[in-house]
Amino acid sequence: MIRFRARKKLNMASGISELAAEFVVESGQLAVLYGRSGTGKTSVLKMLAGLMTPEYGHIVVHDNVWLDTDKGVNVAPADREIGFVFQDYALFPTMNVRENLVFALGKKQDRKIVDKMIELMELGRLQKCYPALLSGGQKQRVALARALVRKPRLLLMDEPLSALDQEMKHKLQYYIREIHSLYRLTSIMVSHDLHEIAALADVCIELDNGSVCRQYKSSEMSANQVLFSGIVKSVLLSGNTAELRIEAHKNVITVRQSAIFVRDIVIGDQVCLSGSLHQPDIRKI
Amino acid sequence: MTEWNTLFLTFKLAFVTTCLLLVIAIPLAYWLTVSSLKIKPVIEAFISMPLVLPPTVLGFYLLMLYSPSGFPGRWLHTYLGMRLAFSFEGLVLASVIYSLPYIVQPVQAGFAAVPDNLRDAARIMGKSGWEILLHVYIPTGRISIITGSMLAFAHTIGEFGVVLMVGGSIPGKTRTASIAVYEAVELMDYSLANHYALILTGSSFLILMIVFLLKGTNLFRFER
Amino acid sequence: MVLLWIMSVCGIAKIKNILRCLVIVCVVTGCKPPGEPALIIATSANMQFAMEALSSGFYEEYGIQPQIVCGSSGKLTAQIRAGAPFDIFISADMVYPLALYKDGLAESEPLEYARGQLVLWTMTEGSLVTLDNLCYAGTQYIAIANPQTAPYGKAAIQILENYGIWDKVESKLVYAESISQVSQFVLSGAADYGFIARSIVSSPEVAGKGCWISLDSTMYAPIRQGAVLLKKKNGKYPDSKLFMKFLFSDHAGAILKNYGYIVPQRGEEDE
């Protein structure tokens, strides 16, 4: 179980705002953190990783106290048993795929896990390649594999799939789901893709104005609860499905819905989404 | 031929200085890149002084420092039997101080260009500062390291004011090519001066060209 | 006022224009120093302090303040050959001025104005200063002026050879750029001993620092120091001739003797 509580002043483009977030994630759950840009989602991940220290904070993970500012406890990132997948992959450019994974290993760890990861993520052909030659999807698979070689207790992912195309996203969502259940991980992911959230999340945590305004299980989603509202930026039709990109508070959210339900929606329309994550209701405001 | 002795001495000085500088400058540049201590600007200013200070000022202070009647000089003489003035070691120390900013600044710039999240990723993997420097920053910043060492090397070859002040122009020990050219001109032996000048210019140009050629080849690219 | 007028004429509105005009003004005013060009005397390094005294004396008598340029005799000769705008060359020997005369760069033959004396100088306290000390293991560095360009350096080598200790001390020699740098090396303690001109250790600036001994003048070729008037394109030498006259006067002779030079009897013939 993960218990997170922190307060920190953040310097954002919009000015100095305060992050004051608190949430709980049960073991084995995949939680998705979402919300406007600038509300501190990446900062939350960084605080969990130990890369950022809040002014006040209390973080307990699986009964281990990682941070307690009152008592002066601050466990180093290395000791926190975390895997972190960065938005821009953060692969070491001067090491090939295999070397990137080996470098991530702990001092006494067996190298066999590297081979296992390579097999799991289907990276066999790419082992000796350097990151510069890999596609976005391949890089992200390597990043995911690298985050997992140390068998972390907690997997943190910062918009890992945002730079990928739809097909790649699906494929990687599959990998994430597989790994999550295979290794019985607890994961926290930042995402803006409603379908991704729908596909992966056990728990959704919404951040607004620096604090958690909602936390709910995705299965508990009920109709008429407004999820987002924003302006339609693009409408892409392919067969019976329409893919809409909606700008909501500087976030761009991608939603797919049957073309019939959105046929009167055009670019520039103000819409709001409600209902379940899987089949949101899109209505013009 | 004394000319070859002098040239050998000059290149030896530049080589030894550059090797020492690599050992000093790389960790220093790394610390300057990742540290957020308040004292950083003070240290950066100190390191950069030789860029703006006249070499004769540096030479003057070193002469005082090296002198056995002064504090560090006396300690060195009493406990280590060393006298730095008029010695090759003294010139090396002077050159290290004098050429330090010429390597620290390019390397620091190169390290600053390494994305922060690479360091974050390495920290999460439990890598120590030294491991991160060795495995992440040095390989990623290799071009700037090479550029910096070439600059320091060339700068040391061209050193004159400091060597004049503390060298004593001893053939084979402290009479570097720049001093030899100066003396040759004083004696109006222009053909000798020309000899040295041509060799120095030619070798400096060759070094720089090799560096720029290497930068363009795949030797330094990780795209295999 | 002129500056403001120029600026208004240029119609200044922007800083660029102001700067441009400032540069022009500085260049124009900088080019023409007010009054007559000064008398420039190139002096060998050993005469540095004595020359200051001589130039004050000259000013007292004639009201003209000469400009002094110091350096090793060899370097100054090279500079004169390259066209340096000196009026008079005061050398540490006769060879350099003679060479200039032979090259047609001097008005007349060089005249000996003084004879220099070589001394051995050290800052190390306690021991008696002798040439034997140079051979001791404790003596690591002996500074001499570069013999190729400084006559005092040549004299030092002659002394070492004539006393038969050259082989023992050659490896300890440190070559200073000029006699002034010898004093730098000795004063800072970097060199244990230095062969230097008596005029320097006698000067008020340095007197009392360290210990020195006079060296037997028969053991080195006499350091006959010559002065020469340098040729000027326009053929006008009023101040220079005045200084040369002063240099050989009794007033100057007294000053030179104070600084440890041997002054030849006025009217003595030179070889």
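A few points about this structure:
Read from first to last, the chains carry the letters A, B and C; within each, the first residue is number 1.
The definition used in the following text is that a residue touches a chain if its C-beta (ideal position, glycine included) is under 8 Å from a C-beta of that chain, and two chains touch if they have at least 3 such contacts.
Keep in mind that this is a model prediction, so the values were computed, not measured.
Considering the contact criterion stated above, no chain is in touch with subunit A and with subunit B alike.
Central chain (C-alpha centroid nearest the global protein C-alpha centroid): B.
Greatest centre-to-centre distance from subunit C is found for A, with centres as Cα means. The geometric centre of subunit A is 47 Å away from that of subunit B, both derived from CA atoms. With centres taken as mean Cα positions, subunit C sits 80 Å from subunit A. With centres set at the average Cα position, the gap from subunit B to subunit C is 35 Å. Within the complex formed with subunit B, the subunit A residues making contact are 46, 49-51, 77-80, 82-84, 86, 88, 90, 92-95, 103-104, 106-107, 128, 130, 132-133, 146, 150. Remark: subunit B residues 115, 117-118, 120-121, 123-127, 135-136, 139-140, 142, 222-224 touch subunit A in the complex.
Contact residues on subunit C toward subunit B in their complex (touch as defined above): 72, 74-75, 78, 81, 123, 140-141, 143, 146, 148-149, 173-177, 184-185, 188-191. The part of subunit B that touches subunit C in the complex is made up of residues 63-64, 66-70, 73, 83, 85-86, 164, 166, 168-170, 175, 183, 185-188.
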